[in-house]
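Chain nomenclature is as follows: A, B, C and D, assigned in order of appearance, with residue numbering initiated at 1 for each chain independently.
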Amino acid sequence: MHAIGVDIGGTKIAAGVVDENGKILAQTRRDTEPDDVASIDAAVADVYAELSKEFEVEAMGLAAAGFVSPDRTSVLFAPNIAWREYPLADKVRALIGDDDVKIVVENDANAAGWAEFQFGAGRDASDMLMLTVGTGLGGAIIVDRKLVRGRWGVAAEVGHMRVVPGGHYCGCGHEGCWEQYASGSALVRDGQAALIAQPDRAAALLELAGGDASKLNGPQITQAAQDGDELAIELLATLGRWIGEGAASVTALLDPELIVIGGGVGAAGDLLLQPVRKAFADQLSARGHRPEAQIDLAQQGNEAGIVGAADLARS
Amino acid sequence: MHAIGVDIGGTKIAAGVVDENGKILAQTRRDTEPDDVASIDAAVADVYAELSKEFEVEAMGLAAAGFVSPDRTSVLFAPNIAWREYPLADKVRALIGDDDVKIVVENDANAAGWAEFQFGAGRDASDMLMLTVGTGLGGAIIVDRKLVRGRWGVAAEVGHMRVVPGGHYCGCGHEGCWEQYASGSALVRDGQAALIAQPDRAAALLELAGGDASKLNGPQITQAAQDGDELAIELLATLGRWIGEGAASVTALLDPELIVIGGGVGAAGDLLLQPVRKAFADQLSARGHRPEAQIDLAQQGNEAGIVGAADLARS
Amino acid sequence: MHAIGVDIGGTKIAAGVVDENGKILAQTRRDTEPDDVASIDAAVADVYAELSKEFEVEAMGLAAAGFVSPDRTSVLFAPNIAWREYPLADKVRALIGDDDVKIVVENDANAAGWAEFQFGAGRDASDMLMLTVGTGLGGAIIVDRKLVRGRWGVAAEVGHMRVVPGGHYCGCGHEGCWEQYASGSALVRDGQAALIAQPDRAAALLELAGGDASKLNGPQITQAAQDGDELAIELLATLGRWIGEGAASVTALLDPELIVIGGGVGAAGDLLLQPVRKAFADQLSARGHRPEAQIDLAQQGNEAGIVGAADLARS
Amino acid sequence: MHAIGVDIGGTKIAAGVVDENGKILAQTRRDTEPDDVASIDAAVADVYAELSKEFEVEAMGLAAAGFVSPDRTSVLFAPNIAWREYPLADKVRALIGDDDVKIVVENDANAAGWAEFQFGAGRDASDMLMLTVGTGLGGAIIVDRKLVRGRWGVAAEVGHMRVVPGGHYCGCGHEGCWEQYASGSALVRDGQAALIAQPDRAAALLELAGGDASKLNGPQITQAAQDGDELAIELLATLGRWIGEGAASVTALLDPELIVIGGGVGAAGDLLLQPVRKAFADQLSARGHRPEAQIDLAQQGNEAGIVGAADLARS
């Protein structure tokens, strides 16, 4: 059975028809306006119309960057889109005018994690932790082959586990959230700080940034590290250490067999993965008395949200 | 249907016949020897024989303080009993000589948490975090009405989530584990330190401890706090703060609707609960955009392990 | 004997004639351009000309916000003025054309601390720690009645003692510097975060800020606290705790008899001082076996830099 | 002029005649009883009698492990000897019966640091920080060629600067004191923890400890590191990192030109020094805009207390 997956971002939506093996058969896109929620409803209905013309679909999953209600019909709150207690599924259904198609709303990180679990690095696993290391740190938790949504649909906000009391401020208003240490933003912030604090070691990074610390970005740090720059290697190792140490804390709670690292930083490969694995092993409780989770890079790409949302709508 | 629950400690086992409402119909005990695992098998068989004489039982749950295999038949490792990859269920069955009774091994904290979930503070909840604040910090995690055991049966080791990098050493060999801040031991250790560091404020506590800092214990601190001693109130507030802040981190991951505080420190009542709730609220991510978990004291007493093991064996 | 003190800021200089009792007999000002160091030289020469017309002066002290050479003639580096290895005393002398007047350059925080020590809260002390809690955290250290300048003139950068590993980033490129916890900026940042994280408690603060979190400032928090707002009181208490705990660390090193708190936050009075004193006492090492430093508010106002620079030039 | 230096430990005193170049001309020892302070007085008088027979001495310095009064005549408090507000100089003088010899009491760490400053690694310096990394972390501070004693003689308790809020408990009753991270005890504790937490990497260390984690000691870790054991090298690097990072904090306050590392861990040589220097440089505020302190090993041996006490008595 085919299903449509729609990944709704702030300024555009990407949609696709997905088969039961997680394969995308057709794709389309629309631009949207984050402050105009009705325009998003219309765009979703529009891609549905387009894609359902050619393919027979029985379900549609909407991956939304926000808190999703436990019954998977509404978005309670979204940081970047003007949804507040918004009945997204009903709104879209009204536009579609088809009562038979099943419409399901899912958190976007959950959808992407589910795609990884079903069709990617986690396809042989039963218990998995997905960590998406991007601007922030998102994630998804799979326990006994089921996605953990929590009582109110807000589970797996892994980036807001506190790892340093009195630590860096987070946009959420708290200090020391994991995503302030284990994200691409943290990597860049650490790199920019190193340009100030360790100018003697930072020549290569500064050059890559065109001489302007504020222009330094993650791919430049990865590039420098791959070219052997010691400071850049250290920066990736620090990022990896925080990912691995935090993952060990989550593992104390959930005992997954697999931890998947997604997001752009994956491009650093072993320069990131090895510090992650070492820190995880160093920090894992009861080591030697338990099997240890494997840590791998994600295999699904940017379409993971589409694939996961479609699959979750179907199941 | 009745089931037997057996709580196996280091030096004694406590067993009972439990009905479907979590009521204990009969109880018995045996002394055991932690280094002689065969003696434990025999004692379990013995209580089974005693209790099954009077009651018809179809299952027996064994609550064990150790890592339990995912198939719930063996203890992989126990810190205080000489079990190493030990097929406890099979050993007991061989002694019982009854192939029909279902025998299930469960981690003791999981069993106690399950009793709380089924018959205690959590009986109306679907997602619950149990925190047992005793010598250490144990726990149980219920997601969508199911006990989370993890891939290898080692989940819910909540006490080993790291809360302070570079923090207090834990018996597990790591620094900063939650149980070093949120346990009765932490309360006593903090109290003893205060006797040294703040002698001017510690007169009442020192007197309760008979003038000997090393004799100070948790009930004395609770007593002093209830009598209005400012330092003791502060010590309980610090304990409560660490419980609440850690619970907020777990909530970022799991979004429970209920957090239950068990263990001896519950005797402090509101002197503990209020700081827990304040710290939880202060530290909860996305507050104001999500419903908030309730935090309550446990209702099940010392027999929770018996009740939970019996019920988990039955289900 | 009279001396002139000049406090050189980024955009203006303030100067005065100071007598031996620290009294300012006359004052004047000039606007300056931070990127044009010659204009600053000229302005200093100009105020000298003006003030020395009416008063007989034998020395002039220049308080500069930067690193001052050990021989007190040059500014090695300044964050906000374009001085780099700049021979400030010689430049000014060349313009003045008077070889007899003694010209001395001092770090501005050192100058202000010295004024406090000689004529303010510290006039009866021999060992004092001055903490100026403003945008950042500046300070001065007096050991055995002498100002501690350090081997290269860079001592008393108290704000850059690290108090939280992995803590808030500092403009200096490091994490966890004391001034990120013990400054007016930290107070405001914490207040803004509380508006996000604890919206239910923040109504009064939000109203004082005109409904715009980014407009919240320190005087508003102090105002709210004085009006009894619980969150504002808590914010000042947190600020005070960090000041007091850090001061206890400095005291372990230097054993001062007096710690003076200067800067705008002093307006909060006991709402700040009491938490400072409690945290200092709670955190002081070897308490009960040593006398304890007194903690007081500064008595010198905005002219402390002028007074201190003049006095240091004279002595 | 010759002076006698006496280093008073818990169970023995070591004394020597020291010339103006810090050379010991003669030495002697006595056993003492820490709970019997009069026996210590007598032993000191006795070594004075012995040493002053052959050498003309005009002063005697007594290095005491405790808090010394600012007038350098009494011990206010000592953790390991029964001195409480004890007029040590007067007591000794009464036994000696010589009013002409100058008797001075000094803190033992200050005395040792002074020897290093006058005759050892610091002989060309004006501002020095001495760190004695032993069971604890002791130290001495030299500012502008003078020993910093503080207002009440209790300065330079460097080991009790807090470096980790919520960190390891210290015998002083506080958490996170520097000496819990930068001492031989910390090294051993970290090593023992690694034996538990990282059993797979700890084989060599465990063997050196005779298979018993509780027997692991510092020299064994140093030995293993020198033999190339990766875990041991990491343990020394962690110790070095904490020393260097803390030293950077002290440097923000005092701007020394030289930091001297003394104590048994010096045997590790570059395996310790290199991580100290890297961490110091990485953490130093305003790096690149200031000269940087040199970091060297101590040159004075176990007699530093004798030499320093004698020299301080003379000066």
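Here is the rule we use: contacts are C-beta pairs under 8 Å (C-beta built on N, C-alpha and C of every residue); 3 or more make two chains touch, one makes a residue touch a chain.
A quick map from chain label to UniProt name: A, B, C, D = Glucokinase.
These numbers come from a predicted model, not from an experiment.
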{"item": "Shared interface partners, meaning chains that touch subunit B and subunit C", "value": "A, D"}
{"item": "Neighbouring chains common to subunit A and subunit B, by label", "value": "C, D"}
{"item": "Greatest separation from subunit D - chain, by CA centre", "value": "A"}
{"item": "Centre-of-Cα separation between subunit D and subunit A, whole angstrom", "value": "52"}
{"item": "Euclidean distance of C-alpha centroids - subunit B vs subunit D, Å", "value": "45"}
{"item": "Chain centre separation in whole Å, for subunit D relative to subunit C (CA means)", "value": "34"}
{"item": "Touching two or more other chains - residue numbers and ranges from subunit B", "value": "164-166, 172, 174, 197-198"}
{"item": "Subunit C contact footprint on subunit B (complex, rising order)", "value": "165-166, 197-200, 281-282, 287-288"}
{"item": "Residues of subunit D that touch subunit B when the two form their complex", "value": "164-169, 171-176, 181, 189, 193-198"}
{"item": "Subunit B residues within the subunit A interface of the complex", "value": "67, 76-77, 125-127, 141, 143-144, 146, 148-165, 172, 174, 177, 245, 248-250, 252-257, 283, 285-286, 289-291, 293"}
